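In the part that follows, the structures are each spelled out as structure tokens.
You will see two complexes here that share subunit A, one where it goes with subunit B and one where it goes with subunit C.
Let's look at the complex of A and B:
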């Protein structure tokens, strides 16, 4: 049994145990903490599968901010679950069993764990990975492939890529040429690799711009390939924030704030908070900006930013937070984030491309344009996410006026 | 084995032993404060040892600096979290365990 599967099995058993504990525990406080543990365990599972972006999101959103918000909810609902009579609900049991069986039946169609022939290894993603790896890891042939690894198949990644593999590592367009030839289509005129090309798209890029993709293929997929999807995810978060404001916020004439407990008389907490808040903010911006180079992005970075503000509110009181970020400002910024995202898309259209076609931002170097567009978009996501999280926290911490 | 791998292995093993002792303490100690004492102290030391161990097998200087930064920040933040939890329990009126029984 290989180590990855073994660790995965152990982790998933722990995850299951935690899930059962969440249901069984009577104290809602313990239940919230267990939810955080559940998320951290899932983050470890993702790390084990080498999906760092997902893991980062799970740890930041699931383990971090969700736990804070769940505990914030306990202010309103109390710490203990209402005692209920435990009895077997037969229809619910049958329904759950059927759903579970259907899901398990669904997994039968999925490729085996780690199967090299799985579609994910052949469609679209390897294209991006192959392009990325070649340039990020430096000179070709520096790293030896593992035993039994079919390099040629990996480099071709598509059955339609036939003919000999060119020796020139800078010839990055041979796959496209080969596919077009196999399909009997017109072969585009080949330019020299160093010559920047005039037309947008993912073909024939200069070799130093990561072939028109940012190095982190996950960000490339999320912000470019699935740009609409991510934009509407951001909109969903925005809608959630607005709904919460409408549902929970007291009218302005009563004032936003009710006095709460302040912890700034605790010297240790105050000093450490003052020390760490600048670094948390810096890390948040780093994660957002660095999202196209490594694991990270707007969602994770936004949550990290929100954590800094929440820590500030916890230690120095929400009155101090409202002096830094008044509610009208945070309300406005939730919308500004979505506006930046869709605005970037609109600018691409105005420049003559399609909606969210980032390469239009810098037609001479489409890779740079993509990079710029994705950074803008990530900042949009980050601003919306952080401000919505902050608003949710504020509204939960606020006592209901009724 | 190269010397840096030896150093790494020793540090990782030490970290694991300390972490294990902490978990054992959490299960064995009589009350909340003693358990948190076991968990908090061992966690802080063990994570520094494990991260330092990883520094020795990381070829890349940037990653080494990042690992040491993480260790440093955790060294400040983790004990503070333990302090905050303990203080909250104390303010909440949780009495510590004594040999003669509850106060």
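Let's look at the complex of A and C:
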């Protein structure tokens, strides 16, 4: 048993204990705080499983925003659960035990944890890791490199690939000996287990900054391989913001503001908030901008940006926040983010590519084009996520209980 | 890793999902139900991320490209489940937010967020409609609450 498994085992036991406590504790306030603890433990579990982006999201969303939203709701609905006579709900217990037993029976023939032979580590993984999304792959009009492009230099990766180069760019046997092998970008055991890929064009990435690739393959998949999915998930978040406005916003004639508690008379809170807010904002923008280089991206960065505004509202009151970000502005920006995302896709179409085909943004250096497109898209996601989170917080805090 | 420890993560995912499911069924409080639904979701997240792990692997961010001197030959964990789950987490907080907004509206309309009480009020309302204004003895206290909130 290695250290990773040991930590994993302990963390998951803690997570399960916290989950039981969340359900069984009677105070809803305690339950909300435990939810935050649960999310932070989960974030540790994700780090232990090398899933940095998910961990980042869980820490920002679960540990930060969800807990604030839950506590904001408890202000209106009361913080105690009604006492229940029977602590144990026997029919529910029997039902969940049976369902759980069936699911555990289903796990018995699952591949073992971390097994390299598991199907998930083979199906399309070389393509995903090599990031062959977008460029050349079967797109008509992109089979030929653009005007004035040094094909020889391009296919030799700036001289790093030596030896004879076949005339046919679809020569897949040659590709296996090409730069991908030299640079070791394909999981070795997968490469050994697979026939050479039928897909042409792996070796056609030009010698630009990142060797035609984006270092964080999670962001690459997010914005390119699953670009449509991410776009519509941004739309889902936008829809959530619209729903909150429709469900809870008071008519404008009643005014946005009801008097609420302000903590700005607390010197320590005021000073610490004013000191930390610029750094939180800077960190948020850093996370969005470096989405394709390291862990992070639009979703995480957007949530971090939102926490800066929420902190400001908590300390100085929502009247002060509305002077900085008036509700009409934040409402508009939720839509602007989705527009930036889909607009980037539309620009790629206007330049002659497919929707969200970022390499069209810089045809001479498609890798740079992909980087640029992903950064634009991440900013779109970041703007929508931050403004929707802010709107959700405002609406949940705004409604005084009647 | 072999033996039972090899599928330990999958058992924990089942356990978390079932704790969430138990909460949704057994707890009449709507806030508790929303939180329990979140637990159910994290169980599924754990399932996905557990599948992505590969023995001896690391995070799917290439250091090779940024620093040509060091060549890491892999293996990397599968990035696709990570992508699916990181968007799912943000969508789950949106779901939670809409649920909380609906709960606030329910509190305003019914004056309670306990599911059984809401159900009793709805039944009483239905019965009152059916009997055309006759006093429903079974739901006296509920009638009293309805005077305050529902028919206001």
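The rule we apply is simple: the second predicted complex is superposed on the first by the 294 of 402 C-alpha atoms of A that agree within 3 Å, B and C clash if a C-alpha of one lies under 4 Å from a C-alpha of the other, contacts with A are read in each partner's own complex, and residues count from 1 in each chain.
The criterion applied here is as follows: a contact is a pair of C-beta atoms (placed from the backbone, for glycine too) under 8 Å apart; a residue touches a chain by one contact, two chains touch by 3 or more.
Values in this document were obtained by computation on a predicted structure and should not be read as measured data.
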{"item": "First (subunit B), second (subunit C), both or neither touched by A:320", "value": "neither"}
{"item": "In the superposition, subunit B vs subunit C on subunit A residues touched", "value": "C"}
{"item": "Touching partner for A:221 - first (subunit B), second (subunit C), both, neither", "value": "second"}
{"item": "Which of subunit B and subunit C A:279 touches, first, second, both or neither", "value": "first"}
{"item": "Partner chain(s) touched by A:73 [first = subunit B, second = subunit C, both, neither]", "value": "second"}
{"item": "Partner chain in contact with A:269 - subunit B first, subunit C second, else both or neither", "value": "first"}
{"item": "Subunit B and subunit C footprints on subunit A, overlapping residues", "value": "none"}
{"item": "For the subunit C and subunit A complex, residues of the former touching the latter", "value": "1-2, 5-12, 14-23, 25-29, 31-32, 35-36, 38-39, 42, 45-46, 49-55, 57-66, 71-87, 89-98, 100-105, 107-108, 112-114, 117"}
{"item": "List of subunit A residues in touch with subunit B within their complex", "value": "266, 268-269, 272, 275-276, 279"}
{"item": "Contact set on subunit B toward subunit A in their complex", "value": "73, 76-77, 80, 83-84, 87"}
{"item": "Residues of subunit A that touch subunit C when the two form their complex", "value": "1, 5, 8-9, 12, 15-16, 19-20, 22-23, 28, 31-32, 35, 38, 42, 45-46, 49-54, 56-58, 61-62, 65-66, 69-70, 72-74, 76-78, 81-82, 84, 89, 91-93, 95-97, 99-100, 103-104, 107-108, 110-116, 118, 120-121, 125, 128-129, 183-190, 210-211, 213, 215-218, 220-222, 225-226, 229-230, 233, 236-237, 239-240, 243-244, 247-248, 293-295, 297, 299-300, 303, 385, 388-389, 392, 395-396, 399, 401-402"}
